[in-house]
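Next come two complexes built around subunit A: one with subunit B, the other with subunit C.
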Partner chain A sequence: MITSLLASAVPMSGLLAALPVAAVNWHSVLFLLFAAVACACAVAVVLADNVVRMAFYLVLSLAATAGLFFLAGAEFVGAMQLMIYVGGTLVLLVFGVMLTAQAPFVAIKTSTGDRVLAGMVGAALLAVLLQAAFRVEPWRRPAMAAVAAPAATPIGMALLGVRVDEPVAGAPPAAVRSGYLLPFEIVSVHLLVVLVGAAYLARAKRRRTPRAIDVAASSVGPVVTAREAARSSASALASGGQR
Partner chain B sequence: MNQTMNLGSLITGSLNDTLAVSLPLFRTELCLAATIVLVLLCRMLPLLRRLDAGLVALGGVCFALWFAWNDMRGIPVGGLQDGSAGGAAIVRQELFGGLLVFDSLTAYIRLLLMGFLAVYIPFTKASGIPDHEDGADFYTLVLGATLGMCLMASANHLLMVFMAVEMASVPSYALAGLLKGRKASSEAALKYAVYGAGAAGIMLYGISLLAGLLGTCHLPSMAAELSRVVDAGSASGNVMVLALGGLMVAVGLAFKLSAVPFHFWCPDVFEGAAAEIGGFLSVASKAAAVALLLRICFGLGVPTTGHGAVAAIGANLAELGSTRHFIVAVVGLMAAVTCTLGNLAAYGQTNMKRLLAYSTIAHAGYLMMAVAAAVAMVGIDPAGSRDAVSAVAFYLGTYLFMNLGAFAIVALLRNRLRSEEIDSYAGLVRSSPGIVIATGVVLVSLIGLPPLAGFVAKFLVFSSLVQAITAGAERPLMLVLLVVGGFNTVISLFYYLRVLKVMTFDPPPADRPGGEFSLVSLPGAIVTALVVPVVVLGIFWSGLYACAQLAGAFAS
Partner chain C sequence: MNLLTAGLPSTAIPLFAGLLDAPVGVAHYLVVGAILFTSGVVCMALKRNALGVLMGIELVLNGANVNFVAFSSPYLRGEGSASLGLDGQLIALFVILLAAAEAAVALAITLNFYNNHATVDIDQADDLKG
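This part shows the complex of A and B:
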């Protein structure tokens, strides 16, 4: 069940290899272990009331998912999962939650109505997705293929714009197969822009020109410059709540 | 040994493709990226720090506009005028190994976005919302988001689709929170970010379903695979999964389009963020989202032929008929609901920005109607399909002036009146008749009354619906859309005109701050520059329509 969902989430042929078929072997045991940890911790994230615990369960759930990727022979995806998600959530846990969580925000209480509603929506979505995942024939078939070569080299080459991996059987032929140099490069521009945005929002700004909130609102009149006017009118519009 | 030779030829092929073909057609985006870096560098050097970030950004945008204009001019016009199939004149060039595509739609939307920036940056300078200290951050975010929008218009691969949507969205979240310290602004940013993250997650899941089933993310190859999978029969259960994946992708698109039922963020974000941000989101973001909708609908519903495409692997037009039927049904129904709900919800609004937000939602509905008509007519009436795409392109062109004009008026009046409530505009005609006339022109054009640009745009959209009905393409749905569209135009009359009524007939409040708003000033000049095209395009619309027709040629 989990594998089908994962196969739909990350379309890598290697993942299909993870389904257990024959007698119990260590592969299956590990698979069941990781799957159980991933699911149980995911449920625990939702049910927990304490933010720090939620983050901790999230780390466990994501780490178990990385284990599933390793089992499926997608070691590159597994490593990325560990580095980005597990590492990222850990940083979030340490800095974001532990440093900022103060008494009123540590515990998050959900009302019963919300829980019921969320449960219904979640169950409906799960039912639809499970049905979808099991409907596709190739995703249902248990298969235990040998994982050929380390997957990281072709992925690395693809990120440099050259596809050296063999085309998937049945995939349509193409003159130039798309490498991922453009996304790889353009995302750096994106990250730069997003960093600037995050820094802007996070910065406690010490303004050289005092903001119009701080000066008296009496500087209204045709003589004010557009900039001052915009600033002060923006603050005048605030529906309270400037701290 | 064979392996090494292969590697060498692979590298040469990829190098040739990148340097000789792709990068020259990608220079507009490169120019934007360079401008972003320049804006940030200028802030690091002590001498250049005095330089205004807006000026640097405007300079870079002018270069980008020049490149975009040249790309547009480079597209041959012939083959369309004489009404022939026009196949020979269609430029279609896949870039970066099929990740992006350059064709007339790319060129048109890119030109539109660059033109938008060239107007938008002076407008923000005049309205004063990013002051000198915030300027570098603001323009970096705006240019970064526009870069993503350019990619949205040219995406040819689901990986790029997702990436472009994120590149356009994430800076917008930060822009919504530009007015730090204002509760409404922070709330808007948070709400936008949470909604956006949810929509992006669902879209990604849909993409993974589609990619997992079709074995590729390249849109033309997906169309080829689709025709095979769907043809194999619905009994295999694959079709249900494909439909689910398609709907999930539609969620992501609907979020960008602010289409019902994924529009909830729109009024709150527009109300909380500054009017300048509202103008950016409602014009540029919408144009890119509509272009992306066209890309995905035509990419999946129409087999691609022409240079650089995967040599039509068994996909033919008829086999994709059911895919198109599905797309038309989803887009058409969403368009009808979006349009009606947007217009009805606009009634009760007392805040001008909220009213414009619902107006934006309604206009997304009109645009989606034309998209539905364009997809419906593929294979039945190719010329009609091209006309429908031209109608969309023309609509976007006029919408730039109408809606940016409306938001400019809101922003500049806010600087005088300290308010964005409709009631605070009462009796404005007595002190500042010029701005009231400008507002009147913009709002009447948004309704779609002659002789203004909005009328021509709306007329083209409705005529493409009529064309679809006469051609017999999805006739019942198109009839419904036509009726809904006409009905909505009538009901939109009232809430737009109510604003004008308040401005002219209601007595002005006694304690109104600020003086008169003259059109002979820098802000006034910006408003004039935005409003005059609305009038001019209503009368001399053939120039823009010729460009729009060129853009429509992509749907061949």
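This part shows the complex of A and C:
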């Protein structure tokens, strides 16, 4: 049994040795995977006509972008991306799709001329951005740095107004660098105001078309109201007669 | 091969040739950010559904976030280039928070518009047109 396992394992190791596994940079391979998913799903968001499929492709694109953040060493930003975007904003978007989508409105077509024009504008913008990305020489040849410390604690301290991270080259010394306490407070109040405003805007209003239960109740309703009207008019007559 | 690489700048060819064994640099992240940004702009311009326009805005903000994180990363930066340090990650966090707030308000406006007009087609939203 063991010998047969070994015999089956030896060709596998030979196969692995034949592949240039040791030469492959797995950071690059994972980057390529996440970047391909992010870009393909972003293009699919543009090309899809169904709103629900657009939301699904957007989820995939944002999650793959969180993977790119993890690969770049920004693990706290990646976790926030997963929690806020994929967990919060997309749930909100899908609820919006569910609350607004009716059969004729799910796919609203765009004309072909608009598509061609938007494709040309997009290609021009992409060409400009790619030129800018490849223009600077040090951006293309990274020097592999040593493994950096986790960034969650410096981010938390910076949000409290104290900078404990290493200053980068060319930055002012640590005593002069600003913390982020004031923007943190502004953003927190801003979130509160925005959520109150959103809840006010999207609150449930009185319906224009009566529901079925209201229609059933209104068939009983006029009898009661007629009786009440008769009683009130009778009392008004009586009071008028007395005067 | 010539057709494939004709549209790219000449410096981009070694970048794609050694993609599997060369280390990833800032330029790779900038390419991903550029594609996300362009997709978002085209999505905003092209979609007639208000929710599609919202998704385009999310894509644009996400592409900007990729650039911020790439410039702040300690792993990607080359010799002699400036880095944002921790500031880039903090800016990316603020962008994520403000995008969440913007999505909440825009969805509330969309729901309100849907309640009044029974559609989310933004070509129908011309009540303020003079």
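Brief remarks follow.
Keep this in mind: the second predicted complex is superposed on the first by the 170 of 243 C-alpha atoms of A that agree within 3 Å, B and C clash if a C-alpha of one lies under 4 Å from a C-alpha of the other, contacts with A are read in each partner's own complex, and residues count from 1 in each chain.
Keep this in mind: a contact is a pair of C-beta atoms (placed from the backbone, for glycine too) under 8 Å apart; a residue touches a chain by one contact, two chains touch by 3 or more.
These numbers come from a predicted model, not from an experiment.
Of the two partner chains placed by superposition, only subunit B is touched by A:V162; subunit C is not.
By the document's definition of touching, of the two partners only subunit C reaches A:A42; subunit B does not. When the two complexes are overlaid on their common chain A, residue A:Y180 makes contact with subunit B and with subunit C alike.
Of the two partners subunit B and subunit C, it is C that touches the larger number of subunit A residues.
By the document's definition of touching, both partners, subunit B and subunit C, reach A:L201.
Of the two partner chains, both subunit B and subunit C are touched by A:H190. In the superposed model, A:V51 makes contact with subunit C only, not with subunit B. In the superposition on chain A, contact of A:W139 is made with both subunit B and subunit C. Residue overlap on subunit A between the subunit B contacts of one complex and the subunit C contacts of the other covers 131-133, 136-137, 139, 163, 168, 170-171, 180, 183, 187, 190, 194, 197-199, 201, 205.
Considering their complex, residues 7-11, 128, 131-133, 135-137, 139, 161-164, 168, 170-183, 186-187, 189-190, 192-194, 196-201, 205, 207-209, 211, 213, 220-222, 225-243 of subunit A touch subunit B. In the complex of the two chains, the subunit C residues touching subunit A come out as 7-9, 11-12, 15, 19-43, 45-49, 51-52, 54-56, 58-59, 62, 65-66, 69-70, 72-86, 89-90, 92-94, 96-101, 103-105, 107-112, 114-115, 119-121.
If you check the complex, the residues on subunit B that touch subunit A are 7, 10-11, 13-14, 17-18, 22, 29, 33, 36-37, 40, 95-100, 126-129, 131-134, 136-137, 140-141, 143-145, 147-148, 151, 157, 159-160, 163, 166-167, 170-171, 173-175, 177, 179-184, 189, 205, 208-209, 211-213, 215-216, 218, 221, 224-225, 236-238, 240-241, 244, 274, 308, 310, 313, 411, 414-420, 513-516, 522-523. Taken in their complex, subunit A has these residues touching subunit C: 23-25, 27-29, 31-32, 35, 38-39, 42-43, 45-46, 51, 54-55, 58, 61-62, 65, 68-69, 71-74, 76-77, 80-81, 84-85, 88-89, 92-93, 95-97, 99-100, 105, 108-110, 114-115, 118-119, 121-122, 125-127, 129-134, 136-145, 148, 151, 154-155, 158-159, 163, 165-171, 180, 183, 187, 190-191, 194-195, 197-199, 201-202, 205.
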